[in-house]
Amino acid sequence: MRKFLSLCVVALISSASIIGQNVNKVYIPERIGEVRQEIVIPNIGDYQVLKCDFHIHTVFSDGDVWPTYRVQEAWRDGLDVISITDHIEYLPHKKYVKGDFNTPYELAKPQADKYGLMLVRGTEITRKQGVIGHFNALFIEDANAIPDDDPFVAVQNARKQNAFVLFNHPGWAVDTCLVTEFQQRLFDADMIDGIEVVNHMEYYPRVVSWCIDKKLPMFANSDEHGIISEDYTTCFRPMTLVLVEENSQNGVKEALLVGRSIAYTDNKFMSTEDLLLDLFEACVDIKMIQHSDKKNVYSCTNKSSFPFVISVNGGGKKVIPPFSTIHFSASNKKNLEITILNMWCYEDEHPVLKID
Amino acid sequence: MRKFLSLCVVALISSASIIGQNVNKVYIPERIGEVRQEIVIPNIGDYQVLKCDFHIHTVFSDGDVWPTYRVQEAWRDGLDVISITDHIEYLPHKKYVKGDFNTPYELAKPQADKYGLMLVRGTEITRKQGVIGHFNALFIEDANAIPDDDPFVAVQNARKQNAFVLFNHPGWAVDTCLVTEFQQRLFDADMIDGIEVVNHMEYYPRVVSWCIDKKLPMFANSDEHGIISEDYTTCFRPMTLVLVEENSQNGVKEALLVGRSIAYTDNKFMSTEDLLLDLFEACVDIKMIQHSDKKNVYSCTNKSSFPFVISVNGGGKKVIPPFSTIHFSASNKKNLEITILNMWCYEDEHPVLKID
Amino acid sequence: MRKFLSLCVVALISSASIIGQNVNKVYIPERIGEVRQEIVIPNIGDYQVLKCDFHIHTVFSDGDVWPTYRVQEAWRDGLDVISITDHIEYLPHKKYVKGDFNTPYELAKPQADKYGLMLVRGTEITRKQGVIGHFNALFIEDANAIPDDDPFVAVQNARKQNAFVLFNHPGWAVDTCLVTEFQQRLFDADMIDGIEVVNHMEYYPRVVSWCIDKKLPMFANSDEHGIISEDYTTCFRPMTLVLVEENSQNGVKEALLVGRSIAYTDNKFMSTEDLLLDLFEACVDIKMIQHSDKKNVYSCTNKSSFPFVISVNGGGKKVIPPFSTIHFSASNKKNLEITILNMWCYEDEHPVLKID
Amino acid sequence: MRKFLSLCVVALISSASIIGQNVNKVYIPERIGEVRQEIVIPNIGDYQVLKCDFHIHTVFSDGDVWPTYRVQEAWRDGLDVISITDHIEYLPHKKYVKGDFNTPYELAKPQADKYGLMLVRGTEITRKQGVIGHFNALFIEDANAIPDDDPFVAVQNARKQNAFVLFNHPGWAVDTCLVTEFQQRLFDADMIDGIEVVNHMEYYPRVVSWCIDKKLPMFANSDEHGIISEDYTTCFRPMTLVLVEENSQNGVKEALLVGRSIAYTDNKFMSTEDLLLDLFEACVDIKMIQHSDKKNVYSCTNKSSFPFVISVNGGGKKVIPPFSTIHFSASNKKNLEITILNMWCYEDEHPVLKID
């Protein structure tokens, strides 16, 4: 507890010393301003890992903020790619806020170019949750050409623009993660390309199993309506990590279409076992530092911004915080099996790393 | 540095343990939600100390957020009173955002009533800085009745509604704090009721002297266009502390008209010496705990949320953090003189507390 | 996450600006130095609530630090009372560290007097855990007169000095909280005056029930061997809160002998239902702020340094952080029942506050 | 401010949910335990950068803690090399603490081997400050063979063991950094191999100039007597960064003898301009991201755990926090000149990086 106190004091002393240096105008200490916090993830083989959020709102539907703010916010948060996906059908501010369905993108685009952030054009088809549901159309060309009274036609309109169609928050506001008749029809028509296993502050373990069974990529999106930094205070914001060969809109879309995504929220990761183990091995170095007849001692160094939680040979959990090292010992009678407890490759399964 | 690490770990462990408890839908740990952080200031005699911000913007002029957000934000920040003061003349979003000059107030009012936050109707008359300047009209009845091509008439229109007229950020975007011809005309006509000594991240020491010389109350306002919690991270947001007899709009206005305000920013306070000493004595208990021939030892306990920085009998500075106690010793040959270094009662003067 | 970054930046800017002001010798920014963080708990009726730790070690048995450090540490942590209780029988440093069983007290006493911290003379009778166990003798006169080969005689020696005898960590290093034959003999002879329900980072719910059934006061002690600030980073250190009529050694001992203690650890409290409700009501103000036909809205303000977690009429849990306010609504058809979830008055029972 | 609150709440919620799961014995959430926080500095060419502290005390002279604690503390702090340098002549605990001058090393060594921390044998020759002064003898073989009534002979004794002799805190407890007659005699006899430009919380700018003029390596040491984590809360502990070809005692000593060290404290660095620029370039990537007729925009990414403060072409200061990116623009009419304001290569000079 004492540390918070002392931060306050250090800041205070510095600001106190600045007072009155200039009787005309004195600035209080500079604030952090425009700084991007890098989320450190080493490359995975030849793939670069892009940090993406494909579901965000603004005042143009039911969000609290102006589109340009979403770009600044994402850049500062260390993201590489965002899509602003204001609702087509839910427009509570429409008495005061005008424009068409492309306006949020067009207002945000110059800001995105300035910051070097990739802005994917998108929108959210928004019907009754638990019956039809919500679907993001991503990588579209014209949001104004998508609306239709028939939700199936609306999704078809998105498809005509080669949209990537995302099934949003299957478990939000309903008791269980069940596929409705309409959603099954979309699955049957191959009109769903990915599913959110994480939406805002919700995580749907069962949907991890769906994605594995259906071979669809997993997404974690913020669906932010308010302010990211006020919602996520002890972890990074929800992100869809996309493993790209090329840092471009095509590169991202192609990676998603073949399933190279990892959903991240609240210090946990969801994807296929292969991708999760690739990520873990790219981030964590394990090496033997002592060897004896009975047991070996290992050093485990985390080079990334994420913490990991492991169990060695079925033992108690061990946390490896970001940019940290821990030691552990293990019998040398058998191969090392490391279960990564904050990664999930099925609703009730963790990936296991085996080391000879 | 280690403490940040461990906070992350504790949060991680808890969230990790929650994973997978329910295969249908699992919530990640609850976030802080709607909590108001109280800023603790004991009453000063019979006065209650209200925390106020009389200068804030929304998307209805050049701000980033919707009016309702400003209410939630202020309530969570521990404020009691705010005024949304969108510009009358500067409306960069007007292609997309419609409504009249009363709209921001009307959208925010139901939210303010729900939270029990006092919302003062206001607006900002906004002309060329360094020539005419910016003026907030506060406690008005109808913002639509204020605009006029002649800025003097606009201020007169405010006055017709019994507005409290605030001279905003005298030093912003100009080299020095000088009074222009137009501003002098307002002073001469008794049409300025208070001045900002603090605006957003700027502090104008010279204006402290102006207010003392002109017997006008000092204001510290955020002039927030973005997000308060992203701008102020090591101190509270700028606040105008108003010492009221009655917690009502009339109570606040009356207190301001007789000058009972203290400007706060970045852990420092500006007002008259009397009010500053009253505040210090309400917040800090000083008592002798040891007595000897040569020196006495004193204990100094801060019961408030603010830190204080003092010098005892001209010695080195000592910090008393919020809700903390320090000890100091002093010669018993003379009276104790405590200079409060983070308080200012003139551009280059601190208040001094004398204890027999 | 961004906030940590900005704290670092503010500190950096200030320190950077100080560099080179004096080419001879420049101090880097002052550190927090000797500051006591007050743990704010309002008085409970006529009782003052003292924060105590009756179980601490130094290099004189198997601890890492010198006795004077324990006094500074406790004072800075906001404690009022400590007892240094080095082991009589376990002395791993004895090849290098000399002195008798009173030495730690005698070294620490002048420091305690300087800081105004109450130092209770104590020691730890230390025998095989799970068979005999560990017992603190508190409020003794001479630790050197206590050792004996027979542990029962050692406890009797303590009793001859009117010691308060504490049964330490019943669940440490054993599978369950069971009373051994020797411990039952002590209970039968009325030679145990209190029990630790919390020791260091362990909490023993079953012992809460023991204390209720046996009408013995509950203790929470740190049993610190290392550094408190490195062990407790998201809560205060374990404390035994003692409700005294008089702030003196006699006052503390008398309060303990009649059972006026509350054990605190990790943001939770254990005691009798009466004392817990008294504490909660002293810390939290609840008032109705809106009334309608169907439901009332309440404001709930926490004036203490501790967080509380409540359930209103059996609903979901709500957190009231330190010095914060939350709102909640409740049906006005029945009386308000507030279950305090981070308080325990039996191994599986929370206190319930009923409001008409 | 709100973020601290929410960390508390997240921790609370998690701990609250754990209560009562086991009526026998329940552990409160795991603490951080034994985790090493890595201080990330990329290699500088072929050199690995070791983080060292060559001046630390224990209870065996006037420190507060046992030698083994110093090893754990340093390992957790991310250090690679330490030397415990208890005073030979100042032994305030000697009534209670026995052993010879090699005892602290011998107690700490098994712990250092377990953690893989390099422990350099050392001691501190301690005479009157301002006349003779304090000198650390490092890389010695037997501390017991060093004491002598004549301080010059004591240093000679160290030299006989091929000690590296460090001139400690030239400015501590004296008004200015002046070389005394005795110290000049040591310089003249080539018996000083390095000087502390930083000791604990003091920094001596003039000594930076001394080291440059005398071609001696600069040191920053903690001289810790208390607890590192309680003294350094907004930056890393003082460290002497040593650029080694080989991670071994010989590698460290050789690097020091040829001057490959950088002193670090409080987010600033002192060394020769060459080494400082090497460090900066290893840590920070600068690349042009936009080009126009008038100006270029650059991206500046910090890959290290340290913040940097720069001025571009003489403009205002910009902070690049750890693992962060900022943008800046500069005229394209002239070469880029980046002055690194938190690095010092003479008492009043910063290194300047020129980019074509």
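All chains are identified by letter, namely A, B, C and D, in their written order; residue positions are counted from 1 within each chain.
Note that contacts are C-beta pairs under 8 Å (C-beta built on N, C-alpha and C of every residue); 3 or more make two chains touch, one makes a residue touch a chain.
None of these values were measured; they are calculated from a predicted model.
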Equivalent interface positions on chain C and chain D, same or different at half: same
Per Cα centroids, the chain farthest from chain D: B
Averaged-CA centre spacing for the pair chain C and chain B, given as whole angstrom: 37
Where chain B and chain D are represented by their mean Cα positions, the distance between them in whole Å: 41
Multi-chain contact residues (two or more partners), chain C: 2-3, 5-7, 9-11, 13, 15, 29-32, 35, 37, 229-230, 232-235, 319, 321, 324
Chain D-touching residues of chain A, taken from the complex the two chains share: 2-4, 6-7, 10, 30, 32, 34-38, 40, 115-116, 230, 233-234, 289, 299, 301, 305, 317, 319-321, 323-327
Complex contacts: residues of chain D adjacent to chain C: 3, 5, 7-9, 11-13, 15-16, 19-20, 22-29, 31-32, 59-60, 63-66, 68-69, 93, 95-99, 103, 107, 171, 175-177, 201-206, 209, 226-227, 229-235, 265-268, 307, 309, 317, 319, 321-322, 324, 341-342, 344, 347-348
